[in-house]
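Which chain is which? They are A, B, C and D, in the order written, and residues in each are numbered from 1.
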Amino acid sequence: MITARPESVLAGSGAVSPPAAEWEPILPGLIVLLPLLGFVLNGILALRSARYSSAALREGRDWDPFAGPRPPATHRLPTWIGPGVMALAFALALVNFLGMMAADPHDPVVRSYWGWIVTGDLRIDAAIQLDRLSMIMTLVVTGVGFLIHVFSVGYMGRDPGYPRYFAYLNLFVFFMLVLVLGSGFGTMFVGWEGVGLCSYLLIGYWFSDREKSDAGKKAFIVNRIGDVGFLLAMFLLFQGFGTLDFVPIFAGAEDHFAAGGVTITAITLLLMLGAAGKSAQLPLHIWLPDAMAGPTPVSALIHAATMVTAGVYMVARSSVLYALAPTSQAVVAGIGVLTALVAATIALQQYDIKKVLAYSTVSQLGFMFLAAGVGAFTAAIFHLVTHAFFKALLFLGAGAVIHAMHDAAHHGDGHLDEQDMRNMGGLRRYMPVTCAVMWIATLAIAGIWPFAGFFSKDEIIWYAAAWAGAESNPFGRLYAVYWGLALLTALITAFYMTRLMVMTFHGANRTGKTASSRLHEAPSVMTVPLVVLAVLSVFGGWINVPDALGESFAGLWGALPMSEWLHHWLEPVTHTAAGIQVAGMGEAAHAAPVGGGEAVWALVSTLAAAVMVAAAVRFTSTRRYVRAAEDPGPQGGLRRFVYNKWYFDEVYDAVVVRPVVAGSRWCWKAVDTVVIDGFVNFTGNFARLAGWATSLFQTGQVNMYAFVLTLGVLVVLGATVFL
Amino acid sequence: MYGDWILHALIWLPLAGTVHVLVSSAERAKNVAFRWSAFVFVLSLGLWWAYEPGDGGFALESSASWIEAWGVGYSLGIDGISVFMVLLTTFTSAIAILGSFEYVRTRRKAFYALMLLLEMGVVGFFLATDIFLFYVFFELTLVPMYFIVGIWGGERRIYAAVKFFLYTAVGSLLMLVAILYVYFASGTGSFGYDAFVNAGLSLREQLWLFAAFALAFGIKVPVFPLHTWLPDAHVEAPTPGSVILASVLLKMGTYGFLRFLLPFFPDAARHPVVVAVMLALGVIGIIYAAWVAAVQPDAKKLVAYTSVAHMGFVVIGVFALTLNGLQGGMVVMISHGISTGALFLLLGMMYERRHTRLIGDFGGIGRAAPWFATAFVITALASIGLPGTSGFVGEFLALLGTFETHMVVAAIAATGVIFAAYYMLPMVQRVLFNELDRPENRTFADLSRREMAILGPLVALMIWIGVHPTPFLERMEPSVQAVLERVEDARADAGHTLGGED
Amino acid sequence: MLLDYSSSFHYVLALLPELVLTIWGMGVLLAGVSRKQGHGPGQETGWLALAGLALAAVANGWLYFGVSEDGAAAMIAVDRFRLFANWVFILGAGFSIVISLPYVARQRLQAGEYYSLILFAAVGMMFMAAARDLMIIFLGLELMSIGVYALAGFNRRDRRSAEAGLKYFLLGAFASGFLLFGIALLYGATGGTNVHAVAASIADGSAAGALLMPGVALLAIGFAFKVAAVPFHMWTPDVYEGAPTPVTAFMAAAVKTAAFVAFLRVFLVGLEGLHAEWSTILWWISAVTMVAGNVVALVQSSVKRMLAYSSIAHGGYLLVALVAANDTATSGMLFYLLVYTIMTIGAFAVVVTVGNQSEANARIEDYGGFGWRKPVLGVFMTVLLLSLAGFPGTAGFIAKYHLLLGAAESSLWVLAVILVLTTVVSYWYYLRVAWYMWMKEAPEGADSADPAITPFATHLVLVVSVAVILLAGVFPGAALDLAAGSLEGLRGLAAEAGAAAGH
Amino acid sequence: MLIPALYLSVALFVIGTLGVIVRRNAIIIFLCIELQLNAVNLAFVALSRYTGIEGQLYVFFVMTVAAAEAAVGLAIIISIFRHYETVDVDKFNLLKW
């Protein structure tokens, strides 16, 4: 436990003083503010347009903003405002990033704007911290965010709530930037809950649909469970350091906490609880698949590329703390790898295209946590970045498919679930671009060389192995198991992704005759972002090609640029943690547990993934799928078990939700109404009953009165004489 | 200057307004009342600058002898704790009066006269630095509220009004006996605040007196299990009544904790058993009330129970006896006043339009009334303490402060954050979201200009306090610190007091 | 001036208010008889009686401010205690007469007899307050009682009134037998009936033991009957309910005051030395009275009867002051009695108005929506009820608080707690009237077109009483000082007088 | 002599009390009350032998009071008799509870 508080940290907890300015960021606050501005403007437009629609509603008709030759201003302006602010923000972020690269500063730059919560010895500033890690995240958020905003123009362009959609989306980006740029846990928490709010609003964007708003609610509540962990971790940190700012905490952590101590373990585990909530890790992963109720670009932005990776970012950000708590790391890695495996198995049996992607996201997030758990924080961030590219691409591609299916379903016969892959098939003919870019993404996620996913995922698996073999790792054997599971998961990943592709784009078309004629490729406003993301999915991995691979075939014999660039870039952020780990358990083994060089393993894993892809192609394309309406669903115990998502929802419903609701009713009906109010009313009624009973003496008979009077006399006399 | 007369004016101007309302016509009553309350609010705004947080003691003090024979003074003063309570009172009174224009359609003169009378009582309570005076105002607030609930309330209004009255009276009368005890124990023959603070009571005495005071304030707060009057009162009360009740009257209880309970009985307030009991009740209140709230079919009752949960945060914040906890308690008080007041106003607007409060009768309102929905969502989020809104700052500080001394309590209480979402979001969903399946909801009118004028300032305040609470925090800090020091100083010399006692 | 009883005229002066009222009462009687029955409402007679009260008040004021006695323990005290009480009696009688004016006229009661009986009863009360001798107390009590027996049964056309009169008479006479026996025993034990002599005898231990305590007990019982303390209260609800309402007001206010004043003087001056012994008895009587009075009042459906039980409860509160037996409590009792008189008569004034100057509309349902039909009257009644309940802002609160202060000074914490808890109980039934008045609609079949007519006289009483209640509730200083100042000479005399009575 | 006289007085008083409790006739009840008063008179007289002449004086007061009470009491009884045609107190219970 922490008893004393070194002066140096106290000094740091005051007004955050930027270190000697190695580098001057250009208007960093504007990066955050621009999306907020977009939110305000779009919000005003949204409320204006909503006035029209509600007025129409009162008159008993539906308001169609697109009925006229050209939509009203409220539905035209967001097209420019929404992506516009994102473009500006991205540009500004890029400028600053380039500036940072040029200056190559070692210390973070903290800009404080005002004292947010200042009382007593607590000081939380509204401040942003620009360092190597947060800049990478900012780039991803604004960059991928911008692309998704552009895509949304096409995807959501005909939605009556168009301005509202962009308002939410901008607000999300704002909170996400607060999250990544916040200079301390307090500020981060603002973004942390804020993105949760936006996630809630966007999942339930079509709020008139009960299921969708249920999904939003579920996401929010499950997230809040994690947030409690975050809160408690913050309290512990504050108790230890007297501040919540990153700089003093990470600088002082080593001096404060004995490695492996109870407090640090508790802090990191609680933070992990928060991360599990936000990043949909076991056991709090249940909200993410439901979150697919939101518009697909939202799924791409929030539930794939950015928000759900916030947990990974936070763990990486707190790398120093985790390095001090090996137990927590084992837990983080364990949760990560288990989540990855469980989600991957579930993805094998889903038919909803977005559900598959959702579980795939959960699974990939699991990989990132595994990376963090094995101390490969750079690898975690690396996978985060590449995953942002290919998973955003996959979701947007799915969006394009759904977009097409939606139009088709509109004209088709009867009800058609536009997201069910059993209703698709053979879409390659109608949507070649989409098909192509999605294949790129699939190969990337499957870990096929040289796509982005290969480098990032391989690095994680390799680090897991290396960690398992570290000299004095107390959990060495456990990590070996993790490694095995991770490898297995990687193979499953390749399988289910290929299954998705085959079911969607290949084979015979199952959409229906009339409907299929309406299938079409997405407009260019949607395909251009897809293509950009596809490029990133191919080359994104090259920012961190391991040195070891650089000289082998996998690195094109040194031709791949930027060897271990990310690693070096993040060095100032992670080196403390790395140092602690090395000090704690010695150098990680630089060899796989079963021998063989790095390059060999890269080859093996690529080959294995390729085999799985091939197997999936074979397995899936030979299977005859029927349309969703005619399909009874998977048979057989294991398949049903997996199809039903390991019955997590059902178990939680039985173990948590129902007892709480029943307990609530019991509290209300039994405790509140019967016990407490019963007592209160009983007191009142008892008094009246007593009054009634006493008044029975009042018979109106003089003799009776005289008798009572005499009794009173006797009592008083008796009392006087005998007492 | 301003400081010389403002405190008196804040108490007596509403009374003048009452008289004015009574002599004006029924049609003009609402405007007259609103102008008076707005005038009082504008006047009170000067306190923001007039109150200079110095050492945390009372400022703008003025004292006159009132009942000389008993050492009772008409003493007023303001410090960093009461200044916000007074501002909250004048603000919400004006808002509540404005919010009642449509709701109250009968017997208007009487209604507005009572509202102003209530304002006077509450302001007087917060300003009094004489214990007798404080008690008089404390009780005085019951009468207008009794009539407001009883006359303009719903079906079971009389039951609710009487329950409210009697519940509160039990506590306050027992407190009266306790006040007398301290009065005689202090031996100064004065009901002045300082005399009570320096009464020199033994621990044993303090425990008994603490119980009496805590009961009185605990009922007012209300602390579990003394809370059952609240849902009834809230459900039956007319909108403005609920607003005042939630925003201001409940604060009288928690304010009492800070102003009277802790400084008068520091040894008892610190006693481990007392702290344990109060913290336990606070935590139970947070979770229990959240649970009960979640299953209420009546929206107003739901919000009423959330008040209990919010007040639970104040209770744990206060009895954690840390600066952050107390500060957090204060912010929760302010924040709850604003957000819950706004929620009741919103529910009142729903009731005016649909004449029902059952959550199940709504659905899809977000489509019919987007402005209304926006205000509702923001208010609900402030209520459940989303960062960036006032609710978060308070709950965060309260929990943080509690955590510093009682980790487990804070950890359990923190789950209240989850349960807040558990009760609030389903209501938001079932009212605003879901399908617009009832034809009568399709014509649900959006906010009028007047309603926007009511909700606008409330929403702005929620966000202001959420984004930049420092001006509030720094003003209350010295006074809160003074309370804390009082408790801790007693701790310093408690060593021999306790040891030498028996 | 100083009364040293050197001339017999001094005796006349010492009894000036009583003599004025006695003579005036006879005059009123004559004036009433001289009018032919059935002619006119007889209001002049009432105003005449009021003039007599005014005169008595002047005389009383002169005694209060201008006269002192030489300290001898004469049978008749000329101390401020007595004179303060006299004011309460004059006020009570005056208010009762004013609210009687329309009632007597409407009910066609014999005005001369009615008003003169009130005056005579007031004289009896004054004697009780003045008496330093147990026999004088007895005579005053009987003078008062006989007048009130007759008043209670005054409405000969109403069998309820007759029943009330009979019950009051039989039980009152029965109880005065106990009082008298008590006096006799005390007389035997101490050899005197002068309270100071009794005190001296107890102080020097010469009082005979066997007779003393039973005497004290019987004396307490006699007074307890008059103050309607449980269990000697059984007559109260019936009599209060049956008697003409203005008479009920008079009984509830003035009769109770007289009994308490005498009670106080006898027990706090005469039997001060035995405080330890009798305080236990009174403690229990007080507690039981507070509880029973309030609890039974909860279930009453008639407002008049509810007020009767409430008056029992108030008797219980006042007994707390006797138990406390310190100066704060004693002056608190005086203050309480003054306030109680005003607010009770005020409340009964509303009751009599709602009843349209008859015994009708006494059920609580009849008050439904009354406040909205007669807002001014409704507000008055609300203030009076709040005052009866002891709510801050009203004199009733200051009074109750004063009693509590006294109890606290003597550390009677349990009694204080009982007092406040039963007060909470009382809130319920007082508020019930208020909720019927304001929160309920008029009862079915109520003739809303014919609202209660409030005569000018009743309004006068209400305005004055509400004004006093509020004024004394907010600025009680002067009244408190008056009450506190009226204790002067009550007990200080005991020591010297004891010495004086010794020879 | 004092003690027996007091006992007699007490006995008479008790008899009077019992009479009030058990008898139904208003007149009889009233007479029982008179008996009580006379019992007290006896006590006064007996005590006055030891304490002075006042006791005997008081007896006259009491007798006067009793007479006055009788006047009023009988008037009241007549008044109620007019309503009920009886003086049985059991019948007079309009007022109760």
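Side notes on the structure shown:
As a working rule, contacts are C-beta pairs under 8 Å (C-beta built on N, C-alpha and C of every residue); 3 or more make two chains touch, one makes a residue touch a chain.
Not measured: the values here are computed from a predicted model.
Both subunit C and subunit D are touched by A. Averaging Cα coordinates per chain and for the whole protein, the chain whose average falls nearest the overall one is B. A comparison of the B-C and A-B interfaces places the larger number of contacting C-beta pairs at A-B.
With centres defined as mean CA coordinates, subunit C is found 43 Å away from subunit B.
Remark: subunit A and subunit B have CA centroids separated by 37 Å (rounded to whole angstrom). Averaged C-alpha coordinates put the centre of subunit A at 79 Å from the centre of subunit C. With centres taken as mean Cα positions, subunit D sits 64 Å from subunit B.
Within subunit B, contacts with two or more other chains are made by residues 166. In subunit D, the residues that reach two or more other chains under the touch definition are 17, 20, 26, 29, 89, 92-96. Counting partner chains per residue, subunit A has residues 684, 695, 698, 700, 702, 706 touching two or more of them.
Screening every pair of chains for touch gives A-B, A-C, A-D, B-C, C-D. Those residues of subunit A whose C-beta lies close enough to touch subunit D in the complex are 695-696, 698-703, 706-707, 710. Looking at the complex, you find that subunit B touches subunit C at residues 66-70, 107, 135-137, 139-140, 142-143, 146-147, 150-151, 157-158, 161-162, 165-166, 169-170, 173-174, 176-177, 180-181, 183-184. Put simply, subunit C touches subunit D in their complex at residues 135, 138-139, 142, 146, 149-150, 153, 156, 159-160, 162-167, 169-170, 173-174, 177, 180-181, 183-185, 187-188, 191-193, 237-239, 241-242. Of all residues in subunit C, only 372, 386, 391-393, 397-398, 401, 404-405, 408-409, 413, 416-417, 420-421, 423-424, 427-428, 431-432, 434-435, 438-440, 476-477, 480-481, 484 touch subunit B in the complex they form.
Per the touch definition, subunit C reaches subunit A in the complex via residues 166-167, 170-171, 174-175, 178, 213-214, 216-218, 220-221, 224-225, 231-232, 234-235, 237-238, 277-278, 280-281, 284-285, 292, 295-300, 425, 428.
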